[in-house]
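Structure provided below as structure tokens; questions to follow.
We call the chains A, B, C, D, E and F, going by the order they appear; numbering starts again at 1 in every chain.
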Amino acid sequence: MDFISILSIFVLACFVGYYVVWSVTPALHTPLMAVTNAISSVIIVGALVASAAAGSPLAKVLGLGAVVLASVNIFGGFAVTQRMLAMYKKKEKK
Amino acid sequence: MDFISILSIFVLACFVGYYVVWSVTPALHTPLMAVTNAISSVIIVGALVASAAAGSPLAKVLGLGAVVLASVNIFGGFAVTQRMLAMYKKKEKK
Amino acid sequence: MAATPETVRKLSALGAKLVVESGAGKGAGISDDDFQAAGAAIASADAAAGAQIVLGVQGPDPALLGGAAPGAWIVAGLDPFGQRARVDAYAAVGLEALAMEFMPRITRAQSMDILSSQANLSGYKAVLVAANLYGRAFPMMMTAAGTVSAAKAFIMGVGVAGLQAIATARRLGAQVSATDVRSATKEQIQSLGAKPIFVENVAGIEGEGAGGYATEMSSEYQKAQAELVSSHIAKQDIVITTALIPGRAAPRLISDAQIATMRPGSVIYDLAVAQGGNVEGSVADQVVERHGVKIVGYANTPALLPADASALFSRNLFNFLSAFWDKEQGRPVLDEEIGNAIRLTQGGQVVHERLKG
Amino acid sequence: MAATPETVRKLSALGAKLVVESGAGKGAGISDDDFQAAGAAIASADAAAGAQIVLGVQGPDPALLGGAAPGAWIVAGLDPFGQRARVDAYAAVGLEALAMEFMPRITRAQSMDILSSQANLSGYKAVLVAANLYGRAFPMMMTAAGTVSAAKAFIMGVGVAGLQAIATARRLGAQVSATDVRSATKEQIQSLGAKPIFVENVAGIEGEGAGGYATEMSSEYQKAQAELVSSHIAKQDIVITTALIPGRAAPRLISDAQIATMRPGSVIYDLAVAQGGNVEGSVADQVVERHGVKIVGYANTPALLPADASALFSRNLFNFLSAFWDKEQGRPVLDEEIGNAIRLTQGGQVVHERLKG
Amino acid sequence: MEHASSPWVGLAYLVAGVLFIMALRGLSSPGTSRAGNRYGMIGMTIAVATTLVTHSIASLPEIAVAIAIGGGIGFIIARRIQMTAMPQLVAAFHSLVGLAAVLVGLAAYANPEAFGILDAQGLIEPQSRVEMGLGIAIGAITFSGSIIAFLKLAGKMSGAAILLPGRHVINLGTLLAILGLVGWFTQDQSAWVIATITALSFVIGFLLIIPIGGADMPVVVSMLNSYSGWAAAAMGFTLHNTAMIITGALVGSSGAILSYIMCKAMNRSFLSVIAGGFGAEAAAGGGAAKEQRPWKRGSAEDAAFLMKEAENVIIIPGYGMAVSQAQHVLREMGDVLKANGVNVKYAIHPVAGRMPGHMNVLLAEANVPYDEVFELEDIQGDFAQADVAFVIGANDVVNPAAKTDKSSPIYGMPVFDVDKAKTIFFVKRSMGGVGYSGVDNDVFYMDQTMMLLADAKKMVEEIVKALQH
Amino acid sequence: MEHASSPWVGLAYLVAGVLFIMALRGLSSPGTSRAGNRYGMIGMTIAVATTLVTHSIASLPEIAVAIAIGGGIGFIIARRIQMTAMPQLVAAFHSLVGLAAVLVGLAAYANPEAFGILDAQGLIEPQSRVEMGLGIAIGAITFSGSIIAFLKLAGKMSGAAILLPGRHVINLGTLLAILGLVGWFTQDQSAWVIATITALSFVIGFLLIIPIGGADMPVVVSMLNSYSGWAAAAMGFTLHNTAMIITGALVGSSGAILSYIMCKAMNRSFLSVIAGGFGAEAAAGGGAAKEQRPWKRGSAEDAAFLMKEAENVIIIPGYGMAVSQAQHVLREMGDVLKANGVNVKYAIHPVAGRMPGHMNVLLAEANVPYDEVFELEDIQGDFAQADVAFVIGANDVVNPAAKTDKSSPIYGMPVFDVDKAKTIFFVKRSMGGVGYSGVDNDVFYMDQTMMLLADAKKMVEEIVKALQH
């Protein structure tokens, strides 16, 4: 993967991020933050790579630590979002 | 450039396209179409490659033909858009 | 007032010469001087001598018209059914009597339609008079001393007068409902934000009816209507009745028994009193009280708004004369459609269809 | 009416025994039977014998009160400045006279404030009466027979009555402007959608003033006001004046010369006529005509809406009695703030500050 | 290709792509639209310049001439064309993009080396063959479809939907054949395959658009626009060119969304329109009145946009406003317009509504100031200066038949000269509904009239919403 | 990394990225929000599974344990936490992402081979060093910044803005030092460089957030959210991982935009908030009343959202509604709510406004039906069932001091029990303004109260606009 492709992907994703959020209802700000928080734990991918690799035990420990932290986030983030969203469920009449 | 990068770019650009247009004012539909038309003439890049390359005279002729067609579009498209947009100019007071 | 300084000026501009009876403008706050300033001459009542067109609110006494030119026009609200003798007298002296209330309800004649212009004012004034006689306030007021609830007003007959009555009562804050026999009025009532009360199971008059007028209803309908009204009227504070059937006596809409069910202090205004009244017991030009309910019956309600009534009436006459004005002859010439509709007498004869039959 | 069947019932519930003068409810559409049904006894006018509290609209004739218990309360609108002699008479026979119009303008006393409740009705009624006397329609109407332009109404003095007058005139479709000396009213006028007309260069009363009342203005202000009014009033069709200064004669706001500039047929309603009038030439309880302008001067305008006036007045009295009702003693006991404000006489003496001075 | 060049080239193409995104973004609102157009031009310049710089410029003169010819033609057409001919011009331009895509595809087939898509065996890479085949097919469909759209819009071909018998079978068969051939192409790169693909695609483009009625043409043009984007994207895959991929995807998806939005605004089913040949009855136009006289339907957004940009707007209320009790929201619309610097007046006809002064009561209730309300004589002269006449629930009072048609029941009544206004918006519930007098109204069918068919209150609410965007 | 694996891996990461996009998209409107959350979970599962599958699974047990521990903790916290503690929880979570990014960066430094970022000389590629350095720095800032935000939100640290003297110089210096070290790192990959970068970044995160006041914390949290995204993106560059890049960029940009939107809604300058330490006086909170009692500011969108979802809404108009002549648009708001199935009532206090019946005149003018208008005694009992009490321009008539405070000038007046409603919206122009009686109102500071500070008419117009979205 050359740098330009990566950069292109990065730039386009920024545009998407911009548009996706632009019209969000204020009442959803907090759930939205919780979800983006959970999603940004995709850094766990890096952590997994580090923990899986042989070679440097230091890297492994660091990686495992990161896995724990990221997991807290992933599970916590999605679960908490679900709880918050459940509040908006009550009125299905529309 | 591997296929996945290209695909990623493609997919993300589709998202951007979707969002960009979603909130357009109906009165701008026609100018918007004219501009996208002009922009899609970016195919001229392919035409230029074909015309510039030595090797196949057939390809060259085809390429040059494509260059002509695309140029009509590029110049025509942007110019016509400008004309249409000029109509909306008059009231700058806001 | 059949002319105001404004229409005098406009008529003079057409080329007419005008003479105004002295003191005619008093009720509407117009002095003789104003008329003179507008270009009219002032004369005493018998000054019709030599006139080619005599304008009036009501038909003038034929005795005063001795001097008018033969074939001269009398243009006024002539009440042909009520004042038949007078019409005959006009015919006898060879005058051409034109009854403005027979103006057909066609689009181009709208600006000459005295019934509309006067009915409009009646509707407004009826509500004002009723509000003034009513011992409470119309609008809802929630105050520190307690709540005054909104008056309930019911308008019966939703022609021009009824619609204006609805509008005025709503303006004053009353809760307004209304009824009519013509189904087209349902939407019109709603268009003024009021509530239509209609007989549901018996057919009324679909659409606008012939020329926009109502006819007499079947007895079945009348019964259904009476029932509906009975249940509704007991809760009303103000009732304005405007129902008319052209050429006939006004339909009886409210009986004495129904009045007895109303709350003492309520007010009924019978705008149809001159045509026999919609309300049992209403008396022309009097406020009578029955079962504690005041029943108002002014025969000429628009006259309670003299200035506007004159302005609009005279404008109707002017619109009429100017629409048919023939420059060359220096006088108006009628066309067939409208001429036949309003002309009562001509060449010494009563010529109108409805008067001959 | 100082009591209605409704308040009679409520007072009885508090534990009071009530006697009502026979025929008292007639004007407001209430019969003696209604009172009896609500739990009151009916008696003739001199039945105050033994009463501990006498309720009235105005102060009753002291002669009729002979039988009242010593120290009994007289609760009514007593007009202490106008009827000083009567107050002294109450003191003489040892009654405790409570003037409801002296109720302080504090929040918790709002529901007992007869001035507010009656002024509110006056404002409404004044506009209705004026509209009825006016020879034209209030609202703008663009019709086939021509346009009736909207009446221009000007409200002078924007207290409770003035505000309600603004609201009512606007409802009827008039173009409304208003003026006052208190700057806080500017926003209040706008809050009803009307146009404020204010003296710009001379300071008026900033804010709400002491207790919400106005005081007499400087002569400089008066001059500026007169000029402003002169230029404005000539264009008005309807003028309602409500300006009062507590304890003083009403300020003179409109001079005869100004009236002469108005269009004939215009109407002025002077709500301050009982306090001397805001309008030169206004006469209590008469409609006079000056320069073709009708000037209305009913001294007791709320009485023209007898049913509501009674309902609100009696509710004020009830709110007053019940707020201070002492269960144990079976009678009301006043606190200092309100007691001192309204008590005129006690123990044979005139005790009120403003009457002693 | 790119593999040979510096990262700066890739960056340049990326920048071009981003500029195109910004171009479309700009075009989505009037205020930024001109800037958007400029971004587009810059992007295109960068893309072209980068390509020229990175390729042997031996052929520069020919290329320059080709660009000059094409550019000249395009420029002149753009200058000369009448504003009313815009839709067909856009369709015509689309056909060119389609054709250009076909030519580029064929050129790539003829000279795969130049495009860097040869594999070790000197054959075209299979993946590139698919891309090439799809690119050519989409390009050809765009071309022939746009030609039909152009002819229909320009009135050179009947706007009516032309429904061939058995078209569903034919269309489906042709499409499957094209896809099959593209598949075959990966195995066999003979010229006949690509030639057949091209030919069949021209045919299917034609077949797909023919059955669509004139009223739906704007949607079709937008859809073809989208196709031309996909064609460009396919070529971009072949060339591994970021600018082409981004742009192609952008144009492709935005075109598709735009057609969707347009369908929604016109109350048409998106599927039935794009399926064209497949959708059956959908083709019956929404633009033809029951009288078969043509009229234009507007949307709340159109009305909002044009009134916001106007200097003078005259509102003509009638009985329909009263029926739907639209007075309050109408006043609000007036307020918003005034806040935007528009001069708003209400024109009240003496017999508007069903009682004398009907409109006055309602407008007063809604607090419309008296000085914005004018009677007929006072405002008649203003229509010539009005940018917009907004007729809401009135009908007879603006009917020119009253002036011209002696046989009309309303002959002789004075009426508002709304036809003097630059644009007329006419709010009523349906084309079928008539006024009190029951006669048809020529104003519906005027060039400058847009019908806003809905309940008056709902429509004005929509307009207010659109105005506040 | 990827170079070694099949294209399916890349595709899987792309799919994960797209799912994340759809997750955020879903979260932008209530109707689709739950689906959005689910997309996010699926995307994350795909990303994790793909990574595990493509890497030697020798360490699987350890990893499984690590995930189980982390997941368990996260899950339990999420279940147990109180709804009111959400903001600080989100901040705490952010700090974890930041720390994880730091750890991953350090791991990559420790074992570059595993990350495939070694060049021919066995050194870390310079480009990767920059990415790594930036990733660690951003991660560290996110970590320490979020810790501060957490402490402030949880009330464990004064919410007041803490302004160090000379902080501008210190902050700027530290930031420059970090950037310089990242540059240096490309030349010298010694451990001290990366260690110093990490340490300094922790410090600057701390310094940047400390000076920001409690009222601005939500914006800060969103901004930190954005940072965590950029950190993930930086790591994605290092790993050439599409999922990480897309997600990082997505989170980064959406977080930034979100903070911007929040600032706008709060009428705060975006720059002064994010510049935090640099912005000077901006730190004076908008959330602290002049009385220094805390209150919450709501937006039109909040009001629209909550009222649309409500069963019962009671509107309490007062003098302010009259002043701004908001009656027409208020009625419209009621209409829209009713169309959404909400039960709307108007509560009229006997002395609301400035004259008896003031509210009645205005509501009647706006055509509010009489049967929706209730006097005090009739509606007092309904507040307990009301989801929303919408106080518009009223003040004294809802002031609980009238019931409790004998010294208050309004003591003894009956007032509406708005405090019994689940949520109170209070429309007035400023916190400073008082009612007729000139006294402060405890309702402003209640937990369930949101102040809507604006002219009543404007605010209701905004709400109507928001309701119609």
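A few points about this structure:
Heads up, the rule we're going with is that a contact is a pair of C-beta atoms (placed from the backbone, for glycine too) under 8 Å apart; a residue touches a chain by one contact, two chains touch by 3 or more.
All of these numbers come straight from a predicted model, not from anything done at the bench.
Least step count on the touch graph, chain D to chain E: 1.
With contact taken as defined at the outset, chain B and chain F are each touched by A, E. These two copies of the sequence, chain C and chain D, are related by a rotation of 180 degrees on CA atoms, to the nearest 5. Of all chains, the one whose mean C-alpha position sits at the greatest distance from that of chain F is C. C-beta contact counts were set side by side for A-E and B-E; B-E has more.
If you average the Cα atoms of chain B and of chain D, the two centres end up 78 Å apart. Rounded to a whole number, the gap between the C-alpha centres of chain A and chain F is 16 angstrom.
Chain C and chain F have Cα centroids lying 68 Å from one another. Centre-to-centre spacing of chain A and chain D amounts to 71 Å, using the average Cα coordinate of each chain.
The set of chain F residues that touch two or more partner chains comprises 17, 21, 242, 246, 325, 350-351, 356-357, 361, 365, 367. Counting partners per residue, chain C has 110-111, 116-117, 120, 139, 141, 143-146, 148, 171, 173, 193 as the residues that reach two or more other chains. In chain A, the residues that touch at least two other chains are 1-6, 8-9, 11-13, 15-16, 20, 23.
Touching pairs of chains, sorted by label, consist of A-B, A-E, A-F, B-E, B-F, C-D, C-E, C-F, D-E, D-F, E-F.
For chain A in complex with chain E, the touching residues are 2-5, 7-8, 11-12, 15. Contact residues on chain C toward chain D in their complex (touch as defined above): 28-29, 110-111, 113, 116-117, 120-121, 124-125, 128-129, 131-132, 135-137, 139, 141, 143-146, 148, 168, 171-173, 263-265, 292, 305-308, 311-313, 315-316, 319. For chain F in complex with chain B, the residues that touch the partner chain are 7, 10-11, 14, 17-18, 21, 242, 246. Taken in their complex, chain A has these residues touching chain F: 1, 3, 6, 9-18, 20-56, 58-60, 62-85, 87-91, 93-94.
Across the complex, chain F is touched by residues 139-148, 150, 173, 175, 193 of chain C.
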